[in-house]
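Next come two complexes built around chain A: one with chain B, the other with chain C.
Now for the complex of A and B:
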């Protein structure tokens, strides 16, 4: 115990994992990846305030980049203080299969070789950002394996289609999120910055809000994903150049 | 952001100037504003809330604050577009958030300061409940502390309503009483009392009273897990007989360190609320006045180790009294005690005597009427410097009487009897 000011180690917090899955294939070159780099920096500049305002969750951040291969930026999830962003550069194909495999491995308990907490973990937030069709043919097969993971099932999943809106591309992303409601088409760098910020910040704050009655009785336990989705949808109304 | 800097807001004929955005919460935005040449915080709700909410706010403003500890709504602000909010005083900079304490970022100067904060908390809720209000949404975001003085501020007072009336808020899951979590009842003074005990447990033990080994039953803490942990199957981590939910070593480190340092009567007060009080919401939960009495007793009995400085209780009434410091093993100091009625005040330097000690009808647990000091010329001689509005009479073991002036010093001498009033006589013993 730190007896000076009775501070101690603090309270045991539930771990909230925020995962960015970023396409850095060749087609993302230029403004698109520049906007992603900028957006993540922007989010990281306000995450310390979000963390300071909550004692409910210990926010951990991870980022997975994928092009010809997929690679975690840090081997371990980082706290908001320790997560430092290094700009990504675009090159290669869109190996979504490998990204899904790496993600599936990550979404297991630490005692089973993954990165999720053994005790006291809450639903993670996964934000997938891409601008095109996967170049790896077996991505659907890998997605099936990923979907079997409990952590994936309960995760709040968003997919951002950057500058594309073909039905094939939308189909790929809807298969990831499980619903078209959380697939967003983003057309400008400014919109991308705002959207990433709204999703990351709003979903990280949800645990800290008080619950209000829905007027229909029932328990006071809220489905945090639903609450977050509703709040995000409300915030997105104010952003131009986004469709969902 | 609804308003920009320097924008002038009009409300019912008065104007205020926006100086800055202070915060953006789920319910609304809070601005720093200039009104009538003073700075205030202005909270504006994001959506137009229903009339009941506004009328309740208006009524609370008219009825007034239970005490200075509440940053109470001062003036209703009604905008031309139908939105509304209220003005309140600004939170001074010397206050830290309770969240920063829980996160291990800020703390209290020492244990007695922390206990003082707890007493202020209970006193504030006692007053709030006495006025017929219930708070309804006690959670970690509502409270602030001055780590040097133990002073308390309570924010977010806009959900306060007359008891047994609810305007929609249910609370925050880990702080709610289980009947609220289950949906069997709406927030009221009884659920406030449960949440108050949760906040006290978090303050004294840095942990949640229901999070222990049972967390291992859940792969993911989802809605089902939360409903069971805090609603349908809550099990106090220090339940006397069912030990299946004890704090987890390595994960709940703070609780495991702090709980053993608490006196038995504080542990009993928690056990009562978190075990008996799960079923018996009206009579099973430790009330504010009971908490205040037990916390005052804790404050009175606290001593500091002469070697390592840590504060602990000798706990002579405990099953296992601490005859040495439980942290460093140094022998306890030999100290005199002042016994007044049921109070047992260990007289170490700096120890304070409060109004309630010398007036058994007083419920003032925070106004100081005396403090233990050392003689300037001979620091081994100690006395109690009083600040009263009347003289008091003391009588030593030989029967010699002496008058101590209203601002004088009572010598700390074995077997001295101190007549604070006709009804209150204290005796100084050697421990």
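Now for the complex of A and C:
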């Protein structure tokens, strides 16, 4: 029996994971990816205040970029203090399949090699940003695997369609979020910057105060997602060139 | 010889939001048996009577298990016995809920803060208001009966190893989402098993407010179970008592906390 530790040690705050999933394929070059880079810098300048306002949750941030392949910017989720943004550059195809696989791995429990806690925890926030159709043919198959993860099911999911207008491409994103209500069409760089900031900041504020127990079917998780969605919708009214 | 400890403490988020403690724990001990239960009423806003639900779950366990003669453990087929126990606990909990509802129907005031959809759900099925988990243990003769539904859990200790008992660990149950006594298929998720007295030297019964701050079983074992067990063996119950209070009010995740320790000295 290991009695080295004292009572009161090993207690951790619940972690709220904010995940950016960013398309940096060739078509994102220029204003689009520039706006994403700027938006994440904006978000990161505000996050310390949000972290200071919540004592119950520790906000952790991760970013997954995907083009020909998918890669985490940092191998481990970072605290607000430690997350430093380095600009992304555009190149290659839109391998959404690999992004979904990496996301599924992340959203597994730690005992299964993932980053999410085995016990307890807060439903994460996932923001997917892309400007086109996937170039990887099996993205739907990978999405099905991703959807089996409990952490994905309860996550607050947003998808930003950057300059996309085809119903086919919108359908890809609706399949990811599970509802058209959280798929946003964004037409300008300035709007994109504002939208990313509103979603990331508002959802972090709401969900970092949602550590209470949930009950059957995760009622409180669902309630918190709805509260966050409503607040985000309200703030988005003030942004031009956005449609949802 | 059986030794035990049980404690429930309110969480700081409940104090802050002026919500009653929704956990409940209970112990019964006589010459023949020791029964212990810790139950966690859900925190979601629709569960407007989950504090009563968790008490009724403890009461249901006590009412059913106190009546069981130890010879049943040997004479009846194990699977039949387990199924009977599960069914009786479910029926007893539902009976207590129905009695409460008939004496005190859910009032408009209780549901005023809920949206129409939730009010409708409660109108159709008021049992939802009492949603709770259930974790219980009975030591009877040379057998240990364990019963569990929902999160938190039972942890058996033997020779320095911690074993989760009746744990439904999968990629589905995350973020404090738990099975509940109030759901229609609760019987399917109510697990029970009979163990020999020699299988465990101590059993910890915990609600999720105790377990979740530790994030994984290894950390929970090393940082909570072993240090608390050491204090328990030293007879330092006051310190455990104070720690559970602190875990609820300051150290933990803000949720209510309940801990039961049942030690079997053979």
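In this text, the second predicted complex is superposed on the first by the 214 of 244 C-alpha atoms of A that agree within 3 Å, B and C clash if a C-alpha of one lies under 4 Å from a C-alpha of the other, contacts with A are read in each partner's own complex, and residues count from 1 in each chain.
In the analysis below, contacts are C-beta pairs under 8 Å (C-beta built on N, C-alpha and C of every residue); 3 or more make two chains touch, one makes a residue touch a chain.
All figures in this text were calculated on a predicted structure; none of them were measured in a lab.
**Student:** Determine, under the contact definition given at the top, whether A:108 touches first (chain B), second (chain C), both, or neither.
**Tutor:** Only chain C is touched by A:108; chain B is not.
**Student:** Just checking: does A:52 make contact with chain B only, chain C only, both, or neither of them? Give me first, second, both or neither.
**Tutor:** first
**Student:** Is A:148 contacted by the first partner chain B, the second partner chain C, both or neither?
**Tutor:** The answer is second: A:148 touches chain C but not chain B.
**Student:** Which partner does A:231 reach: the first (chain B), the second (chain C), both, or neither?
**Tutor:** In the superposition, A:231 contacts chain B only.
**Student:** Go through the superposed model and pick first if A:12 touches only chain B, second if only chain C, both, or neither.
**Tutor:** both
**Student:** Does the superposition put A:208 against chain B (first), chain C (second), both, or neither?
**Tutor:** first
**Student:** Between chain B (first) and chain C (second), which, if any, makes contact with A:30: first, second, both or neither?
**Tutor:** Neither chain B nor chain C is touched by A:30.
**Student:** Once the structures are superposed on A, label A:119 by its partner contacts, choosing first (chain B), second (chain C), both or neither.
**Tutor:** After superposing on A, A:119 lies in contact with both chain B and chain C.
**Student:** Is there a shared patch on chain A that both chain B and chain C touch, and which residues make it up?
**Tutor:** 1-3, 5-14, 56, 109, 119-123, 150-151, 154, 211-213, 215, 217-221, 223
**Student:** Write out the stretch or stretches of chain C touching chain A in their complex.
**Tutor:** Chain C residues touching chain A: 13, 22, 40, 42-47, 50, 128, 131, 151, 160, 169-180, 182-183, 208-209, 211-217, 219-224, 226-231, 239-240, 243, 246-247, 251-255.
**Student:** Can you list the residues on chain A that touch chain B in the complex?
**Tutor:** Listed in rising order, the residues of chain A that touch chain B are 1-3, 5-14, 51-56, 109, 119-123, 150-151, 154, 205, 208-213, 215, 217-224, 231.
**Student:** Name, in rising order, each residue of chain A that touches chain C in their complex.
**Tutor:** 1-14, 56, 108-112, 116-123, 148-151, 153-154, 211-221, 223
**Student:** Given the complex with chain A, which residues does chain B contribute to the contact?
**Tutor:** So the residues of chain B in touch with chain A come to 26, 97-111, 114, 137, 139-141, 147, 159, 166, 168-174, 176, 180-183, 186, 202, 206-208, 211, 215-216, 219-223, 226-227, 231, 248, 251-255, 257-258, 308-310.
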